[in-house]
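Dropping a structure here in C-alpha cells format, bear with me for questions.
When the chains are written out, they are named A, B, C, D, E, F, G and H in that same order, and each has its own residue count from 1.
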Amino acid sequence: MAAATTQLSRLPFADLGFARVDHHRQLRVGFPEVVLCAGKQVAHCTAIFAELAATGGNVLGTRCSEEQALAVQVVLPSARYLPMSRLLIVEQQPVVRTGQGTVLVVCAGTSDLPVAEEAAETARLMGSPVERLTDVGVAGLHRILAPAVQDQLRRAAVIVVCAGMEGALPSVLAGLAGRPIIAVPTSTGYGASFGGVAALLGMLSSCSAGVTVVNIDNGFGAGYAAALINKGAPQ
Amino acid sequence: MAAATTQLSRLPFADLGFARVDHHRQLRVGFPEVVLCAGKQVAHCTAIFAELAATGGNVLGTRCSEEQALAVQVVLPSARYLPMSRLLIVEQQPVVRTGQGTVLVVCAGTSDLPVAEEAAETARLMGSPVERLTDVGVAGLHRILAPAVQDQLRRAAVIVVCAGMEGALPSVLAGLAGRPIIAVPTSTGYGASFGGVAALLGMLSSCSAGVTVVNIDNGFGAGYAAALINKGAPQ
Amino acid sequence: MAAATTQLSRLPFADLGFARVDHHRQLRVGFPEVVLCAGKQVAHCTAIFAELAATGGNVLGTRCSEEQALAVQVVLPSARYLPMSRLLIVEQQPVVRTGQGTVLVVCAGTSDLPVAEEAAETARLMGSPVERLTDVGVAGLHRILAPAVQDQLRRAAVIVVCAGMEGALPSVLAGLAGRPIIAVPTSTGYGASFGGVAALLGMLSSCSAGVTVVNIDNGFGAGYAAALINKGAPQ
Amino acid sequence: MAAATTQLSRLPFADLGFARVDHHRQLRVGFPEVVLCAGKQVAHCTAIFAELAATGGNVLGTRCSEEQALAVQVVLPSARYLPMSRLLIVEQQPVVRTGQGTVLVVCAGTSDLPVAEEAAETARLMGSPVERLTDVGVAGLHRILAPAVQDQLRRAAVIVVCAGMEGALPSVLAGLAGRPIIAVPTSTGYGASFGGVAALLGMLSSCSAGVTVVNIDNGFGAGYAAALINKGAPQ
Amino acid sequence: MAAATTQLSRLPFADLGFARVDHHRQLRVGFPEVVLCAGKQVAHCTAIFAELAATGGNVLGTRCSEEQALAVQVVLPSARYLPMSRLLIVEQQPVVRTGQGTVLVVCAGTSDLPVAEEAAETARLMGSPVERLTDVGVAGLHRILAPAVQDQLRRAAVIVVCAGMEGALPSVLAGLAGRPIIAVPTSTGYGASFGGVAALLGMLSSCSAGVTVVNIDNGFGAGYAAALINKGAPQ
Amino acid sequence: MAAATTQLSRLPFADLGFARVDHHRQLRVGFPEVVLCAGKQVAHCTAIFAELAATGGNVLGTRCSEEQALAVQVVLPSARYLPMSRLLIVEQQPVVRTGQGTVLVVCAGTSDLPVAEEAAETARLMGSPVERLTDVGVAGLHRILAPAVQDQLRRAAVIVVCAGMEGALPSVLAGLAGRPIIAVPTSTGYGASFGGVAALLGMLSSCSAGVTVVNIDNGFGAGYAAALINKGAPQ
Amino acid sequence: MAAATTQLSRLPFADLGFARVDHHRQLRVGFPEVVLCAGKQVAHCTAIFAELAATGGNVLGTRCSEEQALAVQVVLPSARYLPMSRLLIVEQQPVVRTGQGTVLVVCAGTSDLPVAEEAAETARLMGSPVERLTDVGVAGLHRILAPAVQDQLRRAAVIVVCAGMEGALPSVLAGLAGRPIIAVPTSTGYGASFGGVAALLGMLSSCSAGVTVVNIDNGFGAGYAAALINKGAPQ
Amino acid sequence: MAAATTQLSRLPFADLGFARVDHHRQLRVGFPEVVLCAGKQVAHCTAIFAELAATGGNVLGTRCSEEQALAVQVVLPSARYLPMSRLLIVEQQPVVRTGQGTVLVVCAGTSDLPVAEEAAETARLMGSPVERLTDVGVAGLHRILAPAVQDQLRRAAVIVVCAGMEGALPSVLAGLAGRPIIAVPTSTGYGASFGGVAALLGMLSSCSAGVTVVNIDNGFGAGYAAALINKGAPQ
C-alpha cells in the first residue's frame, strides 16, 4: 500500500493538501484491493481505481454509483459494473481459490437480492466457490425443507443469509444446517422494520447458536468474512 | 358496572376523596369481570374483588402478586391463585361456552410459559375451549412439522403465539396454519432483545399475512382478543 | 405455487441466475394471489403479474407505483389501479364470499384514507362484505356516539381502525363495540409522532381489551387478518 | 431567597465547602417555597425545611420519601406528609386565593392517582380552588359524557389530565371542554408503554388543539402551571 | 360543522365513497375554522376552503404548500398566504378580541422564525393581541436582561417560546418572567439535535416551573393554547 | 432429543400440563447438550440436567445462578460450577477435538472477563483448543503490537474479541490479524454506553472487514460459532 | 454587536417585523464574526455578511450552500468559498496568532475530510497554527505508529480527531498522545452507524482519558474549542 | 506499568489463568495512577491498590464502593475515601502543580454535587488549582450575573460545568465566559430526562461555541481533560 499512497499524492485531487485514499479495509494476499466508493467524488474514485489497477491485481469497488462506474470505465474499459449490487469489478487476474468448501448465499425475496449478490460476488472474488439459494422465506417452510435444499445447506462451508422484515430466516436455517451462519439484515420493509433495525435485533437475539451478524445491508462484509472463514485455519 | 361503582364509593378506601376503581376494560355479557391488580394497594384489591364477587359472577385478576392474592383469599377463600401466570380467579359460575372453535396457545420455551398460561386461562374463562402446544421453537423445525402439530394448527379457530428473543415463531406458523394468529412478544432474552422489543418489532414486520400483535407480555390481551374472535360474527 | 415458480425461471429477468419471485405471503384457497410491488423492478412486476394472471385467478398488487401499474396494464389491460391506496387489482373471477359477517373499516381523517382504503379493498377481495366509516376522530366524540354509528359498530364482525397522531381511536371504539378490533397506526403526523411510532405505541398500550395491532401503514395486513377472522372457525 | 441562602451556608452540611441549596424553581409572591426532595440527603432536607419554614411562609416538598418526611417532622412537627403523592407540606399561613376560576384535575385510573394528587395539592397551595374527577378512562365513554361531568369540564378554568398507557384522555377531553388542558403522562403501563413514553408521545401528537404537555409523572409541574394560568393576565 | 359536512359530500372528491373532511380540531365560538393542509390533495384543500369560507367566517389553513395556496386563491382571491409560516388565511370578519392580556412570542434565531410566526399569527386570529421578541438566545444573556425585554416578559399574559438546538430558552425565561410559558421545540439543528428531539427533551426536563410543552415545530398548537389561556376562566 | 423429551414428561413439573424443556439450540454430534438456565425454576433446572446427564454425554449450562448450580450438584455431584462465567459443566466424556486450529479469546479489561471466560470454556467443550489474551485495550497499543501478541493473533484460526465501552478492539485487531473475528460487545460501561449498545453499534459499523458480531454479553454464542467455524468445511 | 443589530433592522428583510440576525455564538476579541448560514434565506445571508464585513473585521460563514456563497460574492467579491467544507470566508485582516502551540486535525478517511477541513480552517482563522494528518484509520495501526506521526501527536497542543463508523480513532490516539483530544463523530457510514450515532456513543464511552466530544459533523465547534484551549489560561 | 503488570501476575487472583489489571487509562508523568473500581472484585481492588501504592506515587480510585474502600484501607490505612464522589485517594507525594491557571468546577444543584466533586478532586490531584461554584441554575440568572461570579468565570483557565435535567447551564456560561467549557451531563432528573440523555443531547446541540462534552456522570473524565488542557501546549 505504501507505493500506492505515494503515487496518489501526485494526482490532482491531492492538492487539497489534506486528502488521502481510504481503502477502509486491510487487504490480504490473494484478495483484491477494495474501494468503498460511496461518499467519494467521481474524480477521486477514478484516480484510485486507475492507480490500484496499475499494480496488475484485481480491484473491487462497493456501493458504486452508475456515474462513478461510467467515469472509471472511461479510464479502465475492462471494469465491469453490476448495477443491482452496485459493485464495480476490475478482474485482471484469474481468481485464486482460497476456500476449502463452498459459500452458500441465501435470501428470502427479490428485495434482498442486491445485498445477497454483493455478498456472493465478494466471496467469489476472494476465492470461494459460491452457491445461491433464493425464494426460501420462513412463510413457506416446505420449500426450505425440500431434500435438495437440505442437502445444499449441509454441504456448505459457510452460509450467508440475507433477510429483511423480521429477519427470522437465519434462526430457522441455523437449526437445520449445523454450519456457521453469517446473518445480514437488509433494509427491506417499512414502519416498524425501521430500515433494517427489526431484522438486526432479531438476528442478534436469535435463539439458534452458530449465527453471527454484520451491519444492515452489509453484503460485502458478509461475503468477505465468509471467504475468510472458508480459508480455514492457518497451517 | 354502575351498581358496583356506587357500592365502592362506600368502601373505606373511598375516603381518599378521589379514588375510584378502574376495571381498565369494558366487560361483556358472559365474560367475567376483570381486575388489573398491578399497581393497586392490597386493601383496594381486596375490596374490589369482594364487591365484584358479591354480584355472583366470575372475577379474573391479572398481574396479581402473591401478597394481593393471599389478602383476597382471606375474604374470598374460593379464589384460586395461579402463581406462574399471576392470575387470581373467582369462578362462581360455570363458564359458558361462547367460542365457535378452539383457541390454540403456542409457545416456544419454558420462559414464555407464564405469558402463554395467562393467555390460555383468560380465553378459557371467556368461554373458549383451549389447547396448548409448546416446545416448538424455530430452531427445531421438524417438531413444528410433525403431522399431529400440523393437524392441531389447522383445527384451531385462532392461534395465540408467545415468543421472545427474535420472535420468529408467528411468521413460521402463519405460513403453515392459514388461521388468524395473535402474536405475543415476551420479554425473554437479553442485550439486543431489549426486554421484548426485538420480538415486538419482528412480529410487526412479519412477512406472513394474518398476524396481529399485542403488547409485550400481554397474555391477557391476546387471550381476550382470541376469545372475542372465536365468538364469531354477531347474528 | 410450484408451477408458477417453474415458469418464472424461464422469464428474461431470471438470467440473473439468482432471482426468484417472492409473493411474500402464503396464499389460501379462495383468496387472490398477492404481490408486494414495492422494491421490485418494473420488468419483474410485469412478469409476475402476467404469470399469476395466467392461472385464471385474481391477483392483488400492493404498494404499487403508477409506473409499475402502467407497465402491467400494457400486458393485462383489465388490471385496475387505485392510486390512493396504490393497489393494482386483476379481478378475473367473481369474489367468493368467505366472511360470516361484515368488516367495518374506520378512519379519523383524510390523511388516513389511503391506508383505510387498502384495508377495505383487501378484505373485499378476500370475500368479506365491507363497510366504511370516516370523520370519527376522538376530538369529536358526539359523532362517534351517534346511534347510526353505534349500530354500525355493533353489527360488524371485525373492525379495522386506522389512525395516526396519538392513535387513540381504537381504544375508544373498543370500549363501545365489544367486537375484535385490528388497529392500524398510520404515519400521519409530524415531530413526536415519529412517522407513526406514537400511534403504534399508543395502540399497543391500549387500556381497552380486544385490540390487536399491525405494522404502521399496513392496511393490507389489517384487511387480510380481518377477512381471515371473518371466515370463522374451521368446521 | 437571599437571606435563606446566607443562613444555609452556616448549617453543618455547608462544610463540604461546595454545597448549596437548590430550590430548583423560581418562586413567586403568594406562592409557597418549593423543595425537590428526591436526591437530597436526609440531613440536607431537614435543614432546608427548617430554614425556609423559619421565614413564616408555607413550604412544599415534592418527591419526598417517608424517611425524609419523618426527619423533617422531628424538627417541624406541623409538617404534613401525604404518602400517596409523596408531598410534604408546611402550611403556616392560610393559602391566599390567586386563581380566577377552578383547576380541575382528572385521571383515568387508580394507578394515576399519585400523580393527580400531586397536581391537585400543588394547585391548591398555589391558591387555586381544585376539583377532582376520576374513573373516566377512554374505554368507558358514557361516563365522560354524563351531564354532570360535561358541566364540570366546561366550568373549569384549566384542566389537568393525568393518564398512562396510551394517554388518549387529554385528546378526548380537549374536544369536549374548550378549555386549556395540561396533559401529564404517567408511567403506568408495561412493555410498549416504555415507562410513560407512549403516553408522552401520544399527548404531544394530540389531534386536539389546546393541549400542552409536561414531563412524565410531573404532577407538580402541571399543578404549578395550572395555578399560574388560573391567575390570569397581569393587570 | 354538520352543515359543512353535508355539503362536502356533494363535492366531486366525495365520490371516493369514503372521503370526509377532517378539520382536525374542535373549533370554538369566535375562533376561525382551521384546516390542516399537509397531506391533503390540492382539490380537497380548495373545496374545503370554499365551503368553510361560504359560511362567512374566518378560515385558517396550516402547513399549506404554495401549490395548495395558489389553487385556493383562484377560488378565494382574498385568501392571504404567508410563505414563511405556510399559513393560508381567509379573514372575512374582523377578529374579535377574546384575550385578557397579550401573548408574547419569543424566538432565539432566524431559523425559528417560521414556527414563531405560525404561533403569533394563530394567536392573533384567535383574538389575542400579540407581541414579538427575537434575537434572545441563551448564548447572549445581556440582551435577555435588558430592562425593555424584562418589562415585556412581565407584562405578557402568556409567553410562547420557540427554540431549537438545546432548547434552553424557556427555562431561562421562566425563571425571569413568572408567567405561564408554552415551549415549542423546533427542528433547527443537526446531528444530536435529532430534528428537535434534543430541544423537546430539554423543555420537558426543564428545571423551571411554569413551562408546558407542545410538539416539535407546532407553532399553531402553541398559539392556539396561548389564546385559550389568555381568554381567562369562564365567567 | 426425542428420548429426553419423552422422559421429561414424566417428571413432576410436567403436571403443569403445559411445560416442556427448551434446550434453545439445535445440538450437534460431538458437542455437549446445552441448557440456558436463566429464567428456569431450580426444580426444572435440576430435572433437565439429571435427564440429559443420564445419556452419558457432556452437558453445559449457561447463565446459571449459584442457587441453580447447588441444586444440580446435589443430584450430579460431578457438576462443576464456574462462578465468574456462570457456567455449569457436567463433563463425563473426554472432549473430542473437532477444531482444525486454535480459538483465541481476547478481552481488554477485567470487567469483560466473565464474558470472555464463557466464550473460552464453550469453545473448549465444543472441541477447540483455546488460547486467552487479556490486558490489550486500545488505549495501550504498544502491548497489542508486541511480537508475541502479533504471533498469537496470526496463529489463531478464529479470534473472539470481548469489549465494552466504545468496543474498538475488534476493529484494531481485524486490521492486524487477517483472521475471522467474532466481536462480543459487553455491557461494561455507563451513561452513553447504554448497557453495551455503544459497543454493539461500534462493532457493527466497524471499518475493518472480517468482523461479525453477536448479542451483547453473548460469550456462549461467540464461543459456539468460533468452534463451528474452527471445524472447517464438511468433507 | 449592538451596532450591527441596529443596522440590520433597516435592511429590507427586516420588514418581516419579526426577523433578527442570529450569529448563534458569542464572539471574542481577535476572533472573526461567525455566521451559521444553514437555514437562512439567501437575501438574509447576503445582508448579514455585508453588514458584518463593513466593520472591517474577518467573517466566517459555516454550512454555506453554493447558492448562498455566490450571492454573497456578488456583494463581497473577496469572499472565498471552500466547497468541500462549505465555509465562506471574508479575510480582511491578517489573522492574529492567539494560540500557544499547534492544533493538529486528524481524520481517518476521505469521507471525513469535509468535517476535518471545517475544523482546521476554523482554528486557523481563530489564530492557531494548524497541522493536518490523514489516512490513519484504526484498521491500519502501523501508520499511526510511524515515528513521524508519533512526533506530530506529541508536539500538538490540542488534537481534533474526526471519525465516522465506529469512531475508535480518538481512543487510540488518546492513549498515544497524552494531549487533550476533541473528538468529532462524523455521519460517515450506514445502517447501524445511524448517521453518526454509533461514533458519537463510542467516543463518549471512550476508555481513554482526555477525550471530550462535540456534536456529529460539528467541525466548526471542534476547531473553535481547540483554538480557545490553545490560547491558554488568562494572564 | 510493565513492572506492575509483572508483579500482579503473582497475586492470588492471577490464578484465574486469565485475569489482568485494567487501569483503563494511559497515565502520564506527574499524574497519579488511576483505577476504575466499579466492576472489580474487592480482592482485585485491594491487590491493585497495594501494588500501585508500592511504587511510592499517588493513586486515585474512581467509582469506588464503601466496601472496596474499607478493604483497601486495611492494607493502606492512609487511603482517604470521599463517600459523596466515591473516590479513594492514596496521596503519598505532594501534588505537583502542572496547571497554568485555575480549573473552575460549576454545578447547579445539590444533586449534581457528587459528579462535580469527582471532577474537582481529579483535577486537583492532576496538579490544577481548583475553584468551586454552585447554586447557579439557569432558573435564577441573577446569581450567575453577580460580579463576583462573572469575575470567577473570566479568571478560570478551563470551566467544568455539571448539570442534569435540560443541561442548559454550559450554553449560558459559554456565552458569558469566553473560556473552554467541558460540559458533564448528570443523570439527575426523571421521565423525559432519560437518565441524563436529555442533558447530553442538549449539551451536544449547544448553540454556544467553545463547549465540549463528556459521558453522563463522567466527572473524572471532565476533571482529567480540564487538567490536561490547563497544562498548556508542550514547550
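Here is the rule we go by: a residue touches a chain if its C-beta (ideal position, glycine included) is under 8 Å from a C-beta of that chain, and two chains touch if they have at least 3 such contacts.
It should be emphasised that the depicted structure is a prediction, and the values quoted were computed from it without experimental measurement.
Q: Which chains are in contact with both chain A and chain H?
A: F, G
Q: Sharing over half of the contact pairs with D-H by residue number is what counts; pick that pair out of G-H, A-B or B-D.
A: Going through G-H, A-B or B-D one by one, only B-D repeats the D-H interface.
Q: If we define chain centres by averaging CA atoms, which chain lands farthest from chain A? Would you check?
A: Result for the farthest chain: D.
Q: I'd like to verify one number: the distance from the centre of chain F to the centre of chain G, where each centre is the average of its C-alpha atoms, in whole angstrom.
A: 45
Q: Distance from the CA centroid of chain B to that of chain F, rounded to the nearest Å?
A: Using C-alpha averages as centres, the distance is 35 Å.
Q: Spell out, as numbers or ranges, the residues of chain B touching 2 or more other chains.
A: Within chain B, residues 24-26, 108-109, 137, 139-140, 174-176, 191-193, 200, 204-205, 207-208, 215-216 contact more than one other chain.
Q: Of all possible chain pairs, which ones touch?
A: The set of touching chain pairs is A-B, A-C, A-F, A-G, B-C, B-D, B-F, C-D, C-E, D-E, D-H, E-G, E-H, F-G, F-H, G-H.
Q: Can you check the complex and tell me which residues of chain B touch chain C?
A: 24-26, 28, 34, 99-102, 154-158, 174-176, 178-180, 182, 200, 204-205, 207-216, 220-222, 224-225, 228-230, 232-234
Q: Could you pull out which chain F residues touch chain H in their complex?
A: Interface residues on chain F, with respect to chain H: 84, 108-111, 113, 116-117, 120, 132, 134-135, 137, 139-140, 188, 190-193.
Q: For chain B, which residues count as touching chain D in their complex?
A: Interface residues on the chain B side: 5, 16-22, 24-26, 38-40, 44, 185, 187, 195-196, 200, 215-218.
Q: Where on chain H is chain E touching in the complex?
A: 108-109, 137-141, 144-145, 165-168, 171-172, 174-176, 189, 191-194, 197-208
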